[in-house]
């Protein structure tokens, strides 16, 4: 078995997909390890975690006897982590006599990687199904609330979604040419260039789903904690707040004019300064 | 940072890392920081970002010490002066390029001045705006976009143009072209005569066409890594770049002058006479004369009311903060120098922008009241700070 | 362009750009066509604070800045399961048509090594600013441009399957990956390929250069990792 490198750069080969736990003294290189795996019972199967990729790599320098083996290669710059994991669900045991250990290799640089045992792709900032995200409500209709996604919890924040990149720091008197300015990837709109999502009325809460009145649940400008239920269509992610810990977390009274409000129960929020109480679908703050 | 977060935890047991709080609720994040006595960038309230200025860095070396003159690529896009300014994490690159325009709006006043440039000194204090000139700035803020310029770029460009014109830094007279004449001598060698000496002046006067030309200056200002409002940086960079401008001397080939035309007896070919080709001398240049005592530098300030709510939470729930506000619920207003960062830019609506000379003269002063209480003390304080800042920047520009 | 852009302050239309006399040293220029060998440039990443990744590659008279924005949302209304890549090159020296051609070339090269499938519904925008003093053919700059894009992508944390690179020889700029065993792009500015063997030679030279560049990038990245650790 070869030692894993401590840190990796993109393209660096970390380990072959299959390796022996205890090397036979006679075999020193990878190809031997793989072919002689019949003799030794314990095999390690490496699984590519975050920041790594399975690739076929040619071995043997001369073109005559070159063959390809499957290796795990790094796709990122960072430290190398490996964790013992269970067999992946799609893995089929071919030969019962073999003992197989599974190890997941991931490359990354953050604390998040340690906490999630290498499963969380800390630097992949895109929302995934199941991710809890924070979003700002931009529009309300009877059926749904449109939101812009600000941050994905437990993931790094993309730098370029800030005002420095997107900012409407200065707007000309007549609204200016904002509509004509677009990034290569997206035309800018009034909601900026963040990913957008939809909370449909039936996804607001788990009970009484057909009696939801959207305006009593969200107001434009509210910061909402929600979960991604699907990647949705080209435009929107589909989100849900049908859980106790999901819902409005920050809101200002009087449509943003008043002070910050705090949740008093799961249906209402109160501003401690003015005493105003407004209706919201609140997230359980505790 | 951790203090802020701990306090958040106690008020609101759902906690967020500082950077997420800053993104979802920038105003709250800013208020929390301010109530602890520092800004999100961990600068003090009246602390400016560090600034470094390099001028003449990208400039085509028109005049080098030896004869090893670099031959410029002949595409007409040469920089006459340039400046790389770094303030905090923001880079501003300014390149000054030039053009020549035929002067058709000569007043009588100008005609009189023609022979005596000493008069320039006397007219210096003349406040007539037509005496002064500006550069044509195009501001480009790099933010991963394509297409038309943004409002911000347009606004800043226009503001730079107007401010420069009205700050009287650049006079029309220094932009006037004094063309020399390129003469092919009898032995076939080519020389250029400039009207520097009296003797030469007579020659050039004899050969010179009756037309007048002026330089026009363009500034291309590119902003990289924008993190906050950039007007002051653009202005400072433009002024620094202007100080490095070297105008190439121009000449007319003698064959193109009036005199030569008649000698060659090409008939009454008036069309040819119109198209003078002013050429620039790659070896000779003069420094652009700016009016030294008008050179000024800009700085911005933000004014924000401290939110008592954000502070109360600290008082009630965070014992670590032992400095309760004496005024209780009374709002306190603070002045923040050099606004930068997302939280400050989005939350601070009241701003002061001052363009000041180091000697205390002011070129521009604008106050935007965005709801915060702007007191006389704050205004005076910002004026004092702007003078200091202007002096600092002057030193940085000069030491280069 | 008859219509003046009224959104920008461009100055009077009648103004003419400064014209310098034609230099008589055209013979000189031809001798300088012998382009300098690949010089190890200075590298700096994480320069700009409003994009996810950036890298500046500087030589004596070139400075190439890449800024990487994204992955961010796209304009497309269709559901894209892979991410879209855009490359935009800005330069005052080269004509726009040539730059556009180069950017579509670079997009193809990038698509071969960026892990596109990891970023559904998203787009990655790559902006290149060329600040070039000396005018030489575009292909000479491609190795440096590639280098700055690759390091910018690494800086942005975008997953790439390898550290590809590009070599330049005899008007050919050839991009390699996987230690030179795979060619992912060939750019040629001008001239015919006279025979296969000369092309094979320049392929080998480019490969050597690629390995040199890869070594540079790898050592830069590793030293950066060490710096991170010590701080």
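Just so it is clear, A, B and C label the chains in written order, and each chain counts residues from 1 on its own.
In this text, contacts are C-beta pairs under 8 Å (C-beta built on N, C-alpha and C of every residue); 3 or more make two chains touch, one makes a residue touch a chain.
Computed from a prediction, not measured in an experiment: that's the story for all the values here.
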Chain occupying the most central position, where position means C-alpha average: C
Chain of greatest Cα-centre distance to chain A: B
Just how far, in Å, is the C-alpha centre of chain C from the one of chain A? 30
Taking the mean of the C-alpha atoms as each chain's centre, how many Å separate chain A from chain B? 43
Distance from the mean Cα position of chain C to that of chain B, given in whole angstrom: 30
Can you list every residue of chain A that touches 2 or more other chains, as numbers and ranges? 160-162, 164-165, 177, 182-184
Where in chain C do residues touch two or more of the other chains? 7, 49-51, 69-70, 88, 125
In chain B, the residues touching two or more other chains are 143-144, 146, 148-149, 154, 225-227
Can you list the residues on chain B that touch chain C in the complex? 58, 71-78, 80, 89-91, 97-102, 136-138, 142-144, 146, 148-149, 154, 157-158, 161, 216, 218, 222, 224-227, 248, 250, 277-280, 282
Would you tell me which residues of chain B are touching chain A in their complex? 11-14, 16, 19-20, 23-25, 28, 143-152, 154-156, 225-229, 309, 342, 345-346
The answer for chain C against chain B in the complex is residues 7-12, 14-23, 25, 28, 47-51, 54, 65, 67, 69-70, 88, 92-93, 125, 127, 129, 131, 133, 135
Of all residues in chain A, those that touch chain B in their complex: 134, 136, 150-151, 153, 157, 160-172, 176-178, 180-184, 188, 223, 225, 245, 249-250, 259-260, 262, 272-273, 283, 285-286
In their shared complex, at which residues does chain C touch chain A? 7, 49-52, 69-80, 84, 86, 88, 115, 118-125, 154, 157, 159-163, 177-178, 181, 217-218, 221-222, 224-225, 228
